[in-house]
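Right after this note come the structures.
The same chain A turns up in both complexes below, where it pairs with chain B and then with chain C.
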Partner chain A sequence: MSTIDIDRLEMRFGNFTALKDISVSVKEGEFVTLLGPSGCGKTTLLKLISGFLKPTNGTIKIANEDVTLTPPEHRDTALCFQSYALFPHLTIKDNIEFGLKQKRVNGSERKQRLQDMAGQLALDAQLDKLPNQLSGGQQQRVALGRALIMRPGVILFDEPLSNLDAKLRDSVRVEIRRIQQENNLTAVYVTHDQSEALAMSDRVMVLNGGVIEQVAPPETLYNAPSTSFVADFIGGANIMNAEVTGETEPGVWALQTPIGEMVSKSDRTPAAKHIKVCWRPEAVKLVDSPVNSFTARVTERQFQGSYTDLFVDIGGNGYRLKTSDPGIYPGENINCSIEPSDLILLEAIQ
Partner chain B sequence: MKQATINKILMYSLITVCAVWLIIPFTMAVLWSLVDPVEPWTADKLLPPVMSTYRWAYMWENSSLRPALFNSYVLAPSAAIVTLLLASPTAYALGRIQFPGREVAKLITLLPLVVPGFVTAIFFSSIIFQLGLHAWRFGAILFAHSVILMPYAIRIMTVSFEQVRQDHIDAARDLGATTIERWKVAYMPALKPGIMAALLIVFIQSIEEFAIAFIVGSPSFVTVPTLLFSTLGQDFVRPNAAVLALILIVPNVIMMLILERLLKSANPSLSSGKG
Partner chain C sequence: MTAKKWITVLALLAPGVGLIAVMIGTVIYMAVAQSLGYYSLMGESEFSFEFWDKMLGRKAYYKSVRFSIYIGFFSALFSVALAYPLAIWLRKPFNGSLLIGAVLKAPLLVPGLVAAFLFINVISYNGILNQFMQWIGFWDAPHRLQNDRNGYGILVLQTWKNMPFALLLLTGAVQSISDDVLDAARDLGAGTMARFRKIIAPLTISSMQAALVIIFIGAVADFSFQVIAGPTNRQSLAQFMVFFKDSGRWHDAAVVGVTLMAVALIGSALLAFATRIILKGGRIK
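Then we have the complex of A and B:
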């Protein structure tokens, strides 16, 4: 249960800048996810926090202690590897106890902690087996147990679910979150799966090209993305260019967009005159309204069960809508509207 | 023709080839070593007319077989260990460190195997004489064997080092393991089969090596191969040669079987990469 404070961190490999100007603080017991596409620098950041890499610039503090140059074996962190990295020739018991033995924790305490951990992770029956005799989900739990038994100040996860099948992934995800909350662990979790990030995290940090796009709780990230990258990466969005024509009343902005004149209600002040705006496919209401209404022609329909995806054409541009009404077919013209608060102001157009 | 028939034909052909290549020479050697001197084994007889262990006793009593066995069986394990120790740093570098020209370096370490053994032996021994190392013949041969057999050990150990998984090393480190502990838990399990294989191959090569042992060692330092080759000279006695040949082969076969066992019992998950 430690805090993490990262200040102006930079990581360069030769001429390649993997991370630039990363500053973020993680509170005690907080679950923060690093989310981004492959190559965005999320694993590099995790390696910097765990100590396997030394940053080019900047500092990392764990529990207010500067650990920027401390090697991993002396850091109060425990890492869960994507590949689990269980020692194949050691039994589950020896794998879980490995870290305690390195720390020369005495036998009786080791036994006690092992029992607790095996109970918590339902591994009691597996302790004398070898890793390759266990299923993927069980191996994952052993990896988790091996890290947790150290009672680390910070627990780090490197895409721990990517080797599991979809069904198992959901249950292990619930389990990781439960254990993290029960033990009040400070956790940093790397993933490229946005639904994993939204479901598990207290806060999500979206990385793109080595820079932070946004750090926010999942709800904020979804409802008020600050950049078009975040809007598109989390949940999908219709992104348009817009020109800010004025402020009609405090917090309400008039916009000129490719689908007509619109208004947006936002706490944010537009970053420039020409900005990007977005709206979620499911934010659209299929009713007329005095503001923000437009007519769309349906070009394609995909029935998904609980909802239907509609691909529509508005003034020559393609957009996507989600509706609960399955009775709309290609060729129809529909009247739509968007609440002003559902039209989200994004970054300035470069 | 049916698949099964083809399989059967191929199977029997293979067995025949194996028999011709292995079983017949081996049987012949055994039979020849048992020929009793009272009656020679002539071409018109399928088996030796009189069989006894006379030749074995004779060779044991009347040749340098005893010192030769002692020399060979001290030399070969020493050469195996020294070669492994000398090869390991290079293998570590080739297997685990990224540097430009690594693939070329790997190839170059194998080049000595291209040159025929005798050519290397003649010039290598001249270097040993120039360096004045020949005074201690055992040491000189040990040194020469270690150097010449190093490509095998480097090659095997490079592959072994490549198979050590970085995430195992990192996991051990993350859990607080010291350098020694990291070696024990992450490197050794993956290296063990390679170490056994390298030791065994160098052992066998060294125990069978003739050229260097002969040029550097003769006449005072005999090994089993130099003894064997000398019996092939002008006073060639086939039964005596058969005894020596068998003495040379038998331990190798036993060692091969031991290695096979060791490799099979090694943790299968290490080679499959799972777990």
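Then we have the complex of A and C:
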């Protein structure tokens, strides 16, 4: 029964605030990804959950028990290090069994679990080797196995796939997810790769400069980002300033934007009169429409295979479009439109 | 390797290794030969087991062997045992850690003989230690601490003098262990002692062995501390040897000298081997 409840967590290093007012709950068996640019505090949050850092404020509960001051060796968590951190003097077998021996799990059970884990991670042939005799990908899997074999209530990953090549990354990613689901492990997974976050997670938590921008399932994050940072960080977006001029019918908002008058259909109430709005490059339709239509001049074209990236100029500002029509070239003027529901209301302009 | 290659290697090594071998070899040969009756400085030189025979019949000889091994072993053990926590503490730089490190290494610069004199001054019957213990009311009367029968004074001096050396060797070794590796062990449930026993000690075993062996050899052959601060009812091997030499009994001195070399050699080998067995459960590699 391992849930994680983080309440108003704050972490300061001297004068520098690495994390501010972090409150989030993770359900049992949930897979939550921490996503954000370098230096935003992902590793710091992971170290707080695993116990290597003590917060300057706030509390952390694991399985409803306050562990804010519990040292790492007494927390029911296992951390998978970005640097692998394998024990160089121990064989792969001893590395993987280390935690079980520490917990005094008896020999036959240990053997069974080791066999299962080695099988799952395809490490059977490596058990008697030392870490430096393994390839990077194999070492990565040992690090995973060493953490997973503990069957901890909470498993934490710090960018575990960053050193693998693309193909191996995909297969290990599937493997991690499968083992996590099979054992119903509560997982927090750090990455700065947005596609990894979208593909793997039940929910994604976007961090920026030590604060939470948004916590939501991948689909929500993509379809309804709540800030321009999230909109831009996840999938890319055209972000514009807009003035809300009125509500034409319930949930439909009239906006004045740099590309003309537009309407947005949204469950959200605009945060202020002057707000930011965004639209996805792939949400644009290359047809005329009674609402939200505009003319764009193509300035650049990048053919990407299944789609084509167009860089366009609308009223002196640059935007990006994605289209499946490869037959549009720079210099052409195209008529475009956006569905009102694809124009997303974001935060107020400060 | 083929024989030809071996010869090439040996030829290349000869100038360096050869010189060392000749120098060490001469000393060992001289000592062994003299202990067997050769190179007599007075009277006839002839082969004889007489000196060994007589020596092995002396009680004082065995006492001396045991005492030297005792001093060597515990000096090495205490020095390393003290140096480890300090090395781990000084692993990460912090405010003042450089200064602390320097102060801890200061004994390396103090000549042993000077230290021994200071030490017996401090522990003498009317010395600072006795006065202090009476002042805080711990002792009613001054205790006689000098030249204690168990050689504790020597152990204190040896440890004081050698701990910095062990620290020097161990600091580098301990610093080379990455934080993540220690954190990983901790995360997997290893407390302070388990981390030391299973991670730090095995990863620094070579430095530990070097420190143990070098300190052991030095302390086994201790002369100066023994003469000044040691017990009067028994002699260290070095002292025993000098005693024979001073009375002109060169062959007996040589017997003790050869014994000392053997003890140093066998003792350090055993010490290094035991360290490995204890820490690696018998696996040599």
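Simple rule for what comes next: the second predicted complex is superposed on the first by the 349 of 350 C-alpha atoms of A that agree within 3 Å, B and C clash if a C-alpha of one lies under 4 Å from a C-alpha of the other, contacts with A are read in each partner's own complex, and residues count from 1 in each chain.
Please note the rule applied: contacts are C-beta pairs under 8 Å (C-beta built on N, C-alpha and C of every residue); 3 or more make two chains touch, one makes a residue touch a chain.
Values in this document were obtained by computation on a predicted structure and should not be read as measured data.
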Clash or fit, chain B versus chain C on superposed chain A: clash
Touching partner for A:Pro270 - first (chain B), second (chain C), both, neither: neither
Partner chain(s) touched by A:Gln139 [first = chain B, second = chain C, both, neither]: first
Partner chain in contact with A:Gly41 - chain B first, chain C second, else both or neither: neither
Which of chain B and chain C A:Pro225 touches, first, second, both or neither: neither
First (chain B), second (chain C), both or neither touched by A:Phe87: both
Which superposed partner A:Pro131 touches (first chain B, second chain C, both, neither): first
Partner chain in contact with A:Thr77 - chain B first, chain C second, else both or neither: both
Part of chain C, among the options 43-51, 61-69, 133-141 or 169-177, whose backbone runs into chain B after overlay: 169-177
Overlapping contact positions on chain A, where the chain C interface meets the chain B interface: 50, 52, 71-74, 77-79, 81, 83-89, 98-99, 102-103, 146, 150
List of chain A residues in touch with chain B within their complex: 50, 52, 71-74, 77-79, 81, 83-90, 98-99, 102-103, 130-132, 139, 146, 150
Chain C contact footprint on chain A (complex, rising order): 50, 52, 71-74, 77-79, 81, 83-89, 98-99, 102-103, 146, 150
Residues of chain B defined as touching chain A within the complex: 165, 167-168, 170-178, 181, 185-186, 189, 267-270, 272, 274-275
Chain C residues touching chain A - in the complex, by the definition given at the top: 178, 180-181, 183-191, 194, 198-199, 202-203
